[in-house]
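We just call them A, B, C and D in the order they show up, numbering each chain from 1.
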Amino acid sequence: MHSDLRNESKVEPISIWPRMTVNDLVTEMGKSGAFMAGMLSKAVDTYEQMIRDNAYVFLSLSGALIPAGMSRVLIELVNRKLVDCIVTTGANMVHDVMMAYGGTFFKGSPLLRDDRLLEKRIDRIYDVLVSEDEFVSKFDEPLLELYDEISIARKGEVLSISELINEIAQRIPDKPESLLKTCYRKGVKIFVPTIHDSVFGLQAAIFNRKNPGRLTVDVFKDLQDIWTIRENAAKSGAIILGGGVPKNFVFQSFYFGDKMLDYVVQITLDRPETGGLSGAPPDEAVSWGKIRPDARMVVVVGEVTMVLPIIASALIERLEK
Amino acid sequence: MHSDLRNESKVEPISIWPRMTVNDLVTEMGKSGAFMAGMLSKAVDTYEQMIRDNAYVFLSLSGALIPAGMSRVLIELVNRKLVDCIVTTGANMVHDVMMAYGGTFFKGSPLLRDDRLLEKRIDRIYDVLVSEDEFVSKFDEPLLELYDEISIARKGEVLSISELINEIAQRIPDKPESLLKTCYRKGVKIFVPTIHDSVFGLQAAIFNRKNPGRLTVDVFKDLQDIWTIRENAAKSGAIILGGGVPKNFVFQSFYFGDKMLDYVVQITLDRPETGGLSGAPPDEAVSWGKIRPDARMVVVVGEVTMVLPIIASALIERLEK
Amino acid sequence: MHSDLRNESKVEPISIWPRMTVNDLVTEMGKSGAFMAGMLSKAVDTYEQMIRDNAYVFLSLSGALIPAGMSRVLIELVNRKLVDCIVTTGANMVHDVMMAYGGTFFKGSPLLRDDRLLEKRIDRIYDVLVSEDEFVSKFDEPLLELYDEISIARKGEVLSISELINEIAQRIPDKPESLLKTCYRKGVKIFVPTIHDSVFGLQAAIFNRKNPGRLTVDVFKDLQDIWTIRENAAKSGAIILGGGVPKNFVFQSFYFGDKMLDYVVQITLDRPETGGLSGAPPDEAVSWGKIRPDARMVVVVGEVTMVLPIIASALIERLEK
Amino acid sequence: MHSDLRNESKVEPISIWPRMTVNDLVTEMGKSGAFMAGMLSKAVDTYEQMIRDNAYVFLSLSGALIPAGMSRVLIELVNRKLVDCIVTTGANMVHDVMMAYGGTFFKGSPLLRDDRLLEKRIDRIYDVLVSEDEFVSKFDEPLLELYDEISIARKGEVLSISELINEIAQRIPDKPESLLKTCYRKGVKIFVPTIHDSVFGLQAAIFNRKNPGRLTVDVFKDLQDIWTIRENAAKSGAIILGGGVPKNFVFQSFYFGDKMLDYVVQITLDRPETGGLSGAPPDEAVSWGKIRPDARMVVVVGEVTMVLPIIASALIERLEK
């Protein structure tokens, strides 16, 4: 055998069999260790290691994961204490709150044309549909009432975004299928740095137009909180689902100071060649001092709704052993 | 000839010749009309039409366009009144302000390793490098002074993000190579909805830690302003560079109400299959009532630093004729 | 509920649980039906339907699936009669024959530099390594002997590529881990239209240089065979792994004549926007009369080594029920 | 200034101006040197260097470049002696021959559905349309006559694929807009390793069914020719448009022996993460000894019809100076 290869591991062909568990398959993929099958397997290994090392786990969510049916997977992770803090786009929380009020998403047919959907007051998110009327009755209207209640309860205070989200979480119906409510009950911190870039923001602006000065939410306050979290964690890991602000918000909280991320698992279809953060490999963040040079870093190039449930179900199987 | 094809345009092979102008080439690509050459040509046609129709032009910026050397191209568009409003990530403005204070970006070699860069206090953005020390002296320190001045000048006020940016723009050195300063002088509105997801935010948090309550910036206030802009525009168009919050922030400002975007040009390498907004084709936004069903919509699948200068130089050539 | 949505299916959140089987997960993904999780589930449904309808199943392979450890997954499909015909790049068969002679692939470290590998005579395939010396002793040398034997056995004949591959298959060691040998034993036809674009071709050219005229392989002959297959099949389906010639070779065999593909499952990361066939959605092939307009067509945007084992293990679980 | 950055080049912002030439813009992009603007500029520099160093230039074509209107750009390169050898898919030559016989491609509307196109006998290639009837009268029928003539002229001979293509090139109408005819007149060698994976192949199979044994084309013969080319070239470069077999066929011709490619420019949207050759960066080929470790290698991530005309027009401007 080639002397330089003697110390490398062999690629072993993956076996499959009927009724193999998801973790069986992921473990097989680890034998191969190659290409994205190998990366998927390493992603589970790395997440498992975060948990076994009692690392504080940040989870960043971008993309329309709730409409795509990912809420229970995320809730399972929260309920099993496999996530300590979530950073998400506003849209995911909009959709989650809407579901807490009984809202529904539908599978769209590729034959539906967007101009027809407009006439019918149906909104499209890739291949998922949602009725505008339901949006009004199961999100917009209840939310305006919540804003009213919250503006009374926290009168005169300048809230942080996460305080506002927490106030909302407290008041929405107690449905087990709501990620926000689950996080509220389990004490998992939720940051929504782009709350204004969602219907939460549009409704807040409408509320404030009618009720000037009653709801003041400071854009910078949350940074103090995330720094405190960082400082208190002995070890930290990040599960990055997609890119965007949620990814950067987690990473940048490690920019100043000595603490760095010890583990990063990133699932994305974005490319590095744009130079944007979404597709940037974690290595780049090493130069910035956000991730340790010796951190465990894995990038799975794949679509999140396909990859996340595999990682999550393999992980919970491993942790029950 | 096939009767159903008689009314379709023929694909004509593209010609090239020495010393052809960028617009000559783009016009040739229009003869072909096919694949991304055709889309690039349509992008210029659509942008030109926006201008000739006196449409209000939103420009959204994501990705590290300033470090990649795009500032003058953007400034040229602003100086020629081809852009009315910019929505950008915080990072682009961080880098722009840093350049206004004399900061420099360097071309990186692919052989530099991130762990070495960390030791040397050099940060990497894809293949561009920036020194941490310069970051401190040419961004962090001046910014903290600006925050101090602004907190005195606007004492007791709750600012919107764009008001804060405007106060910063007013105070930075008057360098022609600063996009922010150029926009300030030309009266081009800048929205930075994710200002907190950048070093602006980190420094603001540091400032607020030392000076509690002196700098309060409301996260929702800007939505009123962008709605006013939308309402006052007879026709509106959007040039979308990359995706992310800047794209959504423009689109969502057309969500409620009757006004919709009349033109959209989107340049991106992101894929639609993630279901996220960044890679979503404009058609999806038609279902939401953000873009007119009969709008001119063009998607150029390509990297922005390569595509934008072509579009911009072809456009300014056409408009000088 | 919105009248137009009443007939659409609801998106149901996916559940996960410890020790769920791969098929359990894929079935859950079907409840959601959205994004790539939904497509993955539809891919298994479609493959299952092909089998239950006794369709003739073409499998096209591109990319380095054998070095990546996919041989046993493919062999499992062949042994269970879930594939009737394989169209592959030459490289996959090169690697398979090399493994039949005892060759090994190794997991590479991302720190290894290609110039060092060149010095050490180690070849890299993405993150997999193979020794040049093993290539010589476990592929090149045995193959030249096989060519010699075959040129004697089929003296004076003009072979088709698949006849040559069949002669090779007959003579390589009878290892259960060889896909080629398994196909030979099971009577699964293998087409390798780009045999010359691989080390099979380079060695054949070397052989022919020394032995002019002893090995003549006609490039067009296989088309007759694949047409005969097409004509004899009541129903046909295609599992397309990656793109390239293997995909087109299957599709184009349905170009003339009345038969069309009834089912297509395509797994790829290639984009449609290049206009090339690799990333083209199956719909395009409908216009050409290669796929029925009412065919079941699924595209899973994902990397093959990650997606294929999931589909295969879910499928064999379903078929054992 | 940071001591480690003193020797690096500064990123300079790109300038644009009205009536700037394509080469002006590409040269500006070189000042920035960053992201894909930088790569595009390096691609032109590298191609220019190949020419100034009298390197033998291989050009590989995949994707439907002829229907997309790229023929004149390619012809310009051939006429100016900027290409010495072309390796292409069969489809590009099919489309080129069809155009030589007066065939036409049309711009498609995105609203046309593939099932309707099937009924109307119109074939779709991404957003380009072609009539089946024209395909018959301007390709299939003339080609069958050519095959008949060639089979008589070269009676009893076993041809290489490039010999067959050359016989075809000789006989098609002498139209300046045919790339194949131009190459024939200019003595530029054309390899079409996947001729059978195109309508050339389907028609050859039809011809051979009716005329058994009259047209024998050996699949391996061309490898001798490409090796001879390699051996005779002092320096060699490759312009790789897309991936697929054309790319590999060029690269693998440098696999055995001491000669390696000195320059590689690759334009593609394919990703490396599939492990397939199409998206693999040139570095991987260094480990195989196909490209010199010190070769100039550039990858432009972009769609070919948009990038190629820019490179070609900048190049011819530079070479006229």
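One rule holds for everything that comes next: a contact is a pair of C-beta atoms (placed from the backbone, for glycine too) under 8 Å apart; a residue touches a chain by one contact, two chains touch by 3 or more.
Since this is a predicted model, take the numbers as computed values, not measurements.
Contact with subunit A and subunit C alike is made by B, D. Taking the CA centroid of subunit D as reference, the farthest chain centroid is that of A. Averaged C-alpha coordinates put the centre of subunit B at 35 Å from the centre of subunit D. Computed centre separation for the pair subunit A/subunit B is 25 angstrom, with centres defined by C-alpha atoms.
Look at where the CA atoms of subunit A average out and do the same for subunit D: the two points lie 43 Å apart. Shared contact sites, meaning residues of subunit A that touch two or more other chains, fall at 34-36, 64, 67-68, 122, 126-128, 269, 271, 273-275, 301, 303, 305. For subunit C in complex with subunit B, the residues that touch the partner chain are 34-36, 271, 273-275, 301. The part of subunit D that touches subunit C in the complex is made up of residues 62-64, 67-68, 91, 114-115, 117-118, 122-128, 158, 161, 193-199, 201-202, 204-206, 208-209, 215-224, 227, 242-245, 248-249, 252, 255-256, 269-278, 280, 283-284, 286-289, 293, 303-305.
Listing the residues of subunit B that touch subunit D in their complex gives 1-2, 4-5, 8-25, 28-29, 31-40, 67-73, 76, 104-109, 120-122, 126-129, 131, 133-134, 177, 269, 300-303, 305-307, 309-310, 312-313, 316-317, 320.
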